[in-house]
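Right after this note come the structures.
Shared between the two complexes below is chain A, which pairs with chain B and chain C, respectively.
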Partner chain A sequence: MTASTLSKPVNNTNPPRRKNLSGRTRKSSREGYKVNWWLTALMLVASLTVLLPLYFTVAMALKSPDQIGGTGLAWPNPMNWENFAAAYVATNFPRAFMSTAFVTVFSVLGSLACSSLVAYAIARNWNRKFFRGSFVYLLSAMFIPFPVIILPLIKQTALLGLDNPAGVVFLHVLGGISFNTLLYIAFVRSIPVELEESARMDGATTWQVFRKIIFPLLAPMNATVGIFAFLGSWNDFLLPQMMIADPALQTLPVVQMLFQGEFNTNYSLAFASYLMAMAPTLVVYILAQRWVLSGVMRGAVK
Partner chain B sequence: MTITSRVAQTARPAGRQNPTSASEKTGTFRSKNTIDPTYYWMVLPVLALFAFFITLPALVGVFFSLTNYAGYGDWKFIGLSNYVNIFKDPAVLQSYVFTFVFALTTTVVVNVVALAIALGLNAKIKWRTGIRTVFFIPMVLSALIVSFVFNYLFSNSLPVLMERLGYTPLATSILANENLAWIAIVLVTVWQAAPGATIIYLAGLQSVPSEVYEAADLDGAGSFRQFLSLTLPLIMGYLVINVILGFKGFLGTYEIIVGLTGGGPGMATQSVAMRIFSGFTGGDYSYQMANAVIYFLITLLISVIQLRLIQRRGVSL
Partner chain C sequence: MNADALGRTAPLSRRALLKAAGLAGAAAMLPLTGCGATPSTQNGVTTLRFMQNKPEVVAYFNQVIKDFEALNPDIRVIQDFNEGNFVPGLVRNDPPDVVTRGFAQATADFVRKGVFADLSDMPVAASIDPKIQDLVSSWGQYNGNETSALPFSLAAAGVIYNRDIFAAQGVQVPTTWDEFMAACETFKAAGITPIYGTFKDNWTLGQGMFDYVAGGMLDVGDFFSKLTARGANITQGAPESFTSNFGPALPKMLQLAAFSQNGAASKNYADGNAAFAKGQAAMYLQGPWALSQLVAANKNVRLGSFPLPVTNNPADTKARVNVDMALSITRNTPNMAAAQRFVSYLLEPSVVNTYNEKNAAFSPLKDAPAVENPQITGLSASVTEGRYYQGATTYFPPSVPLYNYVQSFVYGKNGQQFLAALDDEWRRVAERTAV
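Moving on to the complex of A and B:
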């Protein structure tokens, strides 16, 4: 499933509510498509449910304390840009940002490396009990909700000195491994074994085959797994909140929580801080939306 | 969990000592019956870490659920008393009722909304790419921060708006209302979770060949009839997947409640997950571990039922 199929009107028909007036002309796909303006208007109105809260967040972030009040939906005049600087200092944004970036980068890299390796080994040795058993074992994690293991897990990581962002990385990688391996295995199976065999004829080891041939061929799945890992890690609240003992090392979502007391007296500061924490994923998404959506779609189709 | 780990343990030595028993299809070219040990090195470190960080805590948790451990200090075995007490604890039972009602409602609403959006995006609308971009934005945002934003909207903006409109029943914050707070949680969860379900539905709708609709058009079937008799049955597999993934996720709901009500007012919106986490600070560690085990068994039961459902429908996951 690629970006082009995503945007293409694949079936030429009807949402409910559509009047059947254009029924005759619509059938031939040659005629291109006739825009359904009523539905377009409906979708635009519906998209306000997403845009309004975002507008509200931006508007609030730009207000001075005396502009707050009423519904909060009015656009501030004049705009108060100092809120961002104040929030930047108050929440020590750079430190929280670096901590979040650390967790995210290593979770993404770890997920890509571990899941693809495991999937490759399992898919190529499917006839061996050990690998089939490993697969079933890893898949079992999908049936264990996190709340079930979290209390003992936190005690365990604290004992090991992993009550920090590094520990969160471990758990992000291992927590996602069932799903990611599942995604990769289907993809590895579609790569013909003959490709590897010719490389082996030339004396390549299994590692080299994986690194030079398989991993590059996995690129579309790498994108999918990478996007899921990125979003999951950047936005995760539960694990950092529970695992990271030192507040100075906390990630962006948890920092928003920690500062609630302070924010309650200064809402514009709070919303400036929220906006800064949301901005990175939002910007990445808007810039790469085609790519992100096709990646996520591939995960959905699986 | 314990069953599958046992399977893996017994499978491990068998695979290692007796590789010749396996068929030869995917062996390396050098020898059809031996396996390159590299493959084991690709899997073993991950398996070890997985066992240590996921399986071990689960087993430790089950162990402590049979004790009176408070999270610190001495402990002794007390058998199944924790389990017995849980069934007599109104606070825990209430959290289960809340969690199930919430998960069921949210699953229904999310799927209706997501299907409607997917149908709209899949139809012949103008500015499709732009509209699609907007609808998927919630997917990339932190649920907690989104809840903080909605928290302000619900507790300040909405009451002011309602008062201006003269609708007094909603002129106070619905988050402070014991009977209405859960609706706010459903709304924000739907806002956050609908895009993920929409993507799956879009994939489903695009898998339906357009010829099917052309035939229906010739037969004179109207739009609504086509949706009911063609679209819905053809994307049933995607609906099943959405319901399963969604329901399981919503049972473990946590962040959005933290951001909106913190479990209040009183304990009206406390989910099972929040109850379990309270064992970390509340001194009733072993008691909440027993709660966690029960929660696990319930989710496992649901998973098994759902898997049966999938198999019967012949849907591939």
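Moving on to the complex of A and C:
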């Protein structure tokens, strides 16, 4: 996904430039519009890093077991559409999908709400020691590798009755707070305080200022955080695998392990189910492409 | 100015914040009511959780569970193939009630820590072949005498061969090393790859030629028990060391490797399955787990297996076995009676024998019928006569990158360096784990 975000802008920005320049004089269009074939070729090659695995995924998903093997490049003939039905039944797809969707939706909403509130509080109280300290405290969480704390976390969540998708949501939201707050704080600082002051003149409370002024202005950063949270929790394997005690509530990435035995991997069913699990991410990406790009840029400079 | 403004409205903000937090908390609590820890007995129906280690046989066990529930309406069984949740289950103090695991070093650790209940006084325990039960107890017993697991499936591995190619070349199944070498030469002369190598997946070298040659030449179990007894003061020169024992086996590995196709180093297990199923080689050093993959790739392929003869005395020929699935009950389960009933059901001949017949494995029962699956009949004599060993690779703790060492030996052909590295690794593990 990240590689495609890198290769896309080049493909996209070329046509509009041509349009703009065609209206100008011939001379300037010649100077301004020059195809950089080397760079284009490089980008075409680079785009293979995304397109080729995607092609493999689609081709694999449509193969019957005896068509697998060789280089894997061959397109299956005949195509085996039953793989999707078989994978759908084997993984109990709707149930796993709902569980994953629950985790993802609440992780995204929780991340947006919690991190932006925290960031707003810290950024606007920067002159107070407590808030500066809490910022450092939150940031320090980024330096703790997750696998180190997973077993204590499992113990703790079990004691709290959170050994289920709700617990996964909690941990996704909490785990994201340090990084998301970092992103948000940089952004909140760039919002002029005068906007808030004028709102206060009109009698807005702090909550209203946040809700009506700050949060809408955070939209680009909300997109970034939302996308990170979405991808992170939709694709998360380790946390649900270890935390969700009831197999009936397990999420898609874990359920898909069904196709991978120690020595036997059912590639065609596995890829069919990967493709089905990937679909929402792809749809979200296609719809939100504009924000993904601007969002990635947004996070790049702090 | 800003701080002042914030200061004035701070109480309101905090209240709003708390309200938001409360709402978020309530939202998170909602699903809890649906899926919180349920008592395992509800309306007289006990719910058992059954953690099963082989995702590819989920469908078979779903059917078994259905049959079991029909006979035992007071028990409901939930199957879970997510083995990664076993340790978290222990951490939560809420492990699954019945567990199946492959038996090797990692499972033995759980046994030695007393995770599993003693099953020795269950009536079904008496129906298990004691030789196969010994394979389980050879890994150590809790309190020195407990039966922590009852074997459910025994996988025997040897050389998988293509019956059609053997017949076409007029080659008989070899019973001695010389016959085996002669067979390889025959295939080579006929332009057929004698052994399909998948060296890229280094585990195939480990469980294949390394285990077969080591197991055929020396008493692996005895070697490792002496090695373990020696502890951390192992040196290369010691009579218990790898260097002193594995030396004669290594040249045979290289001989086997030399009969592989060109480019074996770039082929992995999946490539090997596809190629071997299409008849691109006469033999394949793989266990029964590959059979279903081979048949999936080509349903017309006619396969057989034989144990690799490593010496010239046919009576020495042994098969590599592993307890692929063993049944255990976790020690602290609140549903002991129900769990024992389920385990007893799983070990009824109709269930356990059918499973093993379907999955090209051997039943652990004393009076198991002879295997009829032509793919593995060649191994049945070794199994029934008890001529088998557990692979040398299974004795290594996971912290030793054994497969990488085996692979670099096959590529670099430096046996001395290989064995010295194993001695060194073993010593370091022994030092770390010494009490």
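One rule holds for everything that comes next: the second predicted complex is superposed on the first by the 255 of 302 C-alpha atoms of A that agree within 3 Å, B and C clash if a C-alpha of one lies under 4 Å from a C-alpha of the other, contacts with A are read in each partner's own complex, and residues count from 1 in each chain.
By definition in this document, a contact is a pair of C-beta atoms (placed from the backbone, for glycine too) under 8 Å apart; a residue touches a chain by one contact, two chains touch by 3 or more.
On a predicted model such as this, the values are computed, not experimentally measured, just so you know.
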| item | value |
| --- | --- |
| Side-by-side fit of chain B and chain C on chain A, or clash | clash |
| Which superposed partner A:L258 touches (first chain B, second chain C, both, neither) | second |
| Of chain C and chain B, partner touching more chain A residues | B |
| Touching partner for A:F102 - first (chain B), second (chain C), both, neither | second |
| Chain B versus chain C as contact partner of A:D66, first or second or both or neither | second |
| Touched partner set for A:Q250, first chain B, second chain C, both or neither | second |
| Which superposed partner A:P165 touches (first chain B, second chain C, both, neither) | second |
| Which of chain B and chain C A:L151 touches, first, second, both or neither | both |
| Contacts of A:F56 with chain B and chain C, given as first, second, both or neither | first |
| Which of chain B and chain C A:Y267 touches, first, second, both or neither | both |
| Which superposed partner A:L174 touches (first chain B, second chain C, both, neither) | first |
| Chain C collision site on chain B, chosen from 1-9, 73-81 or 163-171, when both complexes are overlaid on chain A | 163-171 |
| Set intersection of chain A contacts, chain C complex versus chain B complex | 70, 114, 117, 124-125, 127, 151, 154-155, 170, 193, 197, 200, 205-207, 210, 242, 257, 260, 267 |
| Residue ranges of chain A touching chain B (in the complex, touch as defined) | 1, 5-7, 9-18, 20, 23, 26-27, 29, 33-37, 39-40, 42-44, 46-47, 49-51, 53-54, 56-57, 60, 70-73, 114, 117-118, 120-122, 124-134, 136-141, 143-156, 170-171, 174-175, 177, 193, 197, 200-201, 205-207, 210, 231, 234-235, 237-238, 242, 252-253, 256-257, 260, 267, 270-271, 274, 277-278, 281-282, 284-286, 289-290, 292-293, 296-297, 300-301 |
| Footprint of chain C on chain A - complex, ascending | 65-66, 68-70, 90, 102, 106, 110, 113-114, 117, 124-125, 127, 151, 154-155, 158, 161-166, 169-170, 193, 196-197, 200, 205-207, 210, 241-250, 254, 257-267 |
| Chain A partner contacts - residues on chain C that touch it in the complex | 1-3, 5-6, 9-10, 12-13, 16-17, 20, 24, 27-32, 35-37, 54-56, 58-59, 78-82, 84-85, 87-89, 91-94, 102, 269-271, 273-275, 278, 287, 289-290, 292-293, 296-299 |
| Touch list for chain B against partner chain A, complex | 1, 4-5, 7-8, 10-12, 14-16, 19, 21-23, 25-26, 28-30, 35-36, 38-40, 42-43, 46-47, 49-50, 53-54, 56-58, 60-61, 64, 117, 119-129, 131-146, 148-150, 152-153, 156-157, 160-161, 191, 199-200, 202-203, 205-206, 208-210, 212-214, 217, 222-224, 226-227, 248, 251-252, 254-255, 258, 272-273, 276-277, 279-280, 285, 288-289, 292-293, 295-296, 299-300, 303 |
